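Same chain, two partners: subunit A is paired with subunit B first, then with subunit C.
Here is the complex of A and B:
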């Protein structure tokens, strides 16, 4: 599975209320649609740090980096390349 | 005085019931905890009637004469006694409600020609000097049973719109850097982050220092963007 697929599966499973992975598109607005709120971001960060062994720094904790599956995936891949 | 004692009693009782003694102590005694004051320019918000489109939940201002009438749900019952004290200080409250039950609330004080009866101690701690048409928001709490529904953002948006409609220009707030949900909420709401403070506290004794004056000789990141400000917190 690619990084994007792993993240999409997690968001669908854990943060999307009806768990429908097919519904969630890569460019869907996760923050505007209330999928990632202040608790959701914590759940997601723990997942990213455990799954990909990365440590997301404070300056990357901005809505732009978590606005969509694509944005989260880009952020993760940036850390994986470091 | 009576209400303050009742509030303290309920707070301690709640702590004992929840076996949260270490959490309570952590809030009362700490050293060099980093706080980020933040401000928001309210003039960028369009003037409009506050709408309540949160489904089952709605927000409204709570008034002093309603404190006994509305239902304060466990484990937030101690908030009721805090409310008596806060209203006596001239502070105001916006609550998010489900029916007649309060599921969350945020407090604020304003400077609108004259200051509230009592200034909040946080202002001194954070080095915030309120001017006319400015407000300070503090002490937001969402009942744990209702968290994860974006109610904190809904509550703050309602507060900002209320202040904007009353002609206020700026609202201040702050969050602890180790409180990730609060950090996230402030960034989602596009607060502008101010220079960080290092706070030490032993009950009523609070010491506040400008973080960068100690950490670095160069004044970098002062009045910087959220992204830059956050760089030093990790």
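Here is the complex of A and C:
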């Protein structure tokens, strides 16, 4: 599975209320649509740490980096290249 | 399993012993009078600063002593155990938590200019989130910060702010973009007591933690430069989330220390006090209460050092920090209630001090997220 697929699967399973992965598009606005909220972001950050061994911190902890599956994947890829 | 060994290193033991001796000799005398008066001991604050308690986790280049967070937690745990002035130790913890926010989210200029005076205790810091109409629902806050050219204009009221009445600088959370939700709509600002339009109320009278000063902060067209922004615009909720994890690790360290002190006081009293021809410790009605306290203290210790270990590695630990906060604060309050019962009528008298421990403990299940909010977080992070 690609990074994007792994993240999409996690968000669908853990944060999307009806767990329907097919419904979730890469550009869907996760924050605006209430899929990721203040507790959801905590869940996601722990997942990224455990799954990809990355620790997102500081200036990268901004809403833009978590706004969509694409944004989260880009952030993750950037950390993986560090 | 994330932690298997919570044995302190020799350096940590030395630091802990030093701070316990310091607390017993320098901080405990006069606590009954200070508690009664509800006065903040500025002189003791300065002694704590000289003892380098406020500098522990900060890099040396910013005036700190460069210890890791696990060591900082172990020292605050020892301080909570030895220092009977719980208000003072909470004031110290609030300062360190503000410093961690500056360290994690401040720019180099902010860190270089602000952290040295925070570490030395010269300037007192407060963190302002709670408002008259928003407590647990923190992001229902009304305080707003509107950007105009190179300034922000802040309006609103904060309340019950720890260190608020005596703070030189306050880290203030405010809505900076009403069109966005809490996520992206809230920003964080460092506001000096000298800022135009900023005023403070008198300390609020409280049941416990009476030497800790809590009060209202008023922002009336308070004008601050854009350089006051901590982190980036819209990053407030992220900073809040991060801050809560550190806070829900450092504060439980104090609470666990207090719980262990109450336990020791109960063991001592139960051995000394006799009834029906033998020490009351011989009665299971008493010994089982103390056994339950001991079990909770040991489990609390595991919960505390588990989260401290994770935070020491800069990992996220929302679940673990909520578990530690919930369990240790509830255990402390329960232990204090039992301590009063074990001490009988004397427990109700101020002379025996456990009544102050109880008063100090009551708020621990309310601040930094109520027990009900911790349970909500734990349930959600458990997948519900």
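One rule holds for everything that comes next: the second predicted complex is superposed on the first by the 82 of 82 C-alpha atoms of A that agree within 3 Å, B and C clash if a C-alpha of one lies under 4 Å from a C-alpha of the other, contacts with A are read in each partner's own complex, and residues count from 1 in each chain.
In this text, a contact is a pair of C-beta atoms (placed from the backbone, for glycine too) under 8 Å apart; a residue touches a chain by one contact, two chains touch by 3 or more.
Bear in mind the structure is a predicted one, so any value in this text is a computation, not a measurement.
Visitor: Considering only touches as defined above, state whether A:70 meets subunit B (first), subunit C (second), both or neither.
Guide: Touch status of A:70: no partner.
Visitor: For A:46, using the defined touch cut-off, is the partner it touches subunit B, subunit C, both, or neither? Pick first, second, both or neither.
Guide: Only subunit C; A:46 stays clear of subunit B.
Visitor: For A:58, decide between first (touching subunit B), second (touching subunit C), both and neither.
Guide: both
Visitor: Does subunit C touch more residues of subunit A than subunit B does, or is it the other way round?
Guide: In the superposed model, C touches more residues of subunit A.
Visitor: Does subunit B (first) or subunit C (second) touch A:14, or do both, or does neither?
Guide: second
Visitor: Overlap of the subunit B and subunit C footprints on subunit A, residue-wise?
Guide: On subunit A, the residues that contact subunit B in one structure and subunit C in the other are 31, 34, 37-39, 41-42, 45, 57-59, 61-63.
Visitor: Quick one: in the complex, what on subunit A touches subunit B?
Guide: Counting only subunit A, the residues touching subunit B are 31, 34, 37-42, 45, 57-59, 61-63.
Visitor: Which residues, counting only subunit B, touch subunit A once they are in their complex?
Guide: For subunit B paired with subunit A, touching residues are 147-150, 152-153, 177, 180-185, 187-188, 226-228, 230-234.
Visitor: Taking the touch rule as given, give the residues of subunit C at its contact with subunit A in the complex, in rising order.
Guide: The contact residues of subunit C facing subunit A are 104-105, 139, 180-184, 231-232, 234-235, 237-242, 314-319, 377, 380-381, 383.
Visitor: With touch defined as at the start, can you tell me which subunit A residues reach subunit C in the complex?
Guide: 14, 31-32, 34, 36-39, 41-43, 45-46, 49, 55, 57-59, 61-63
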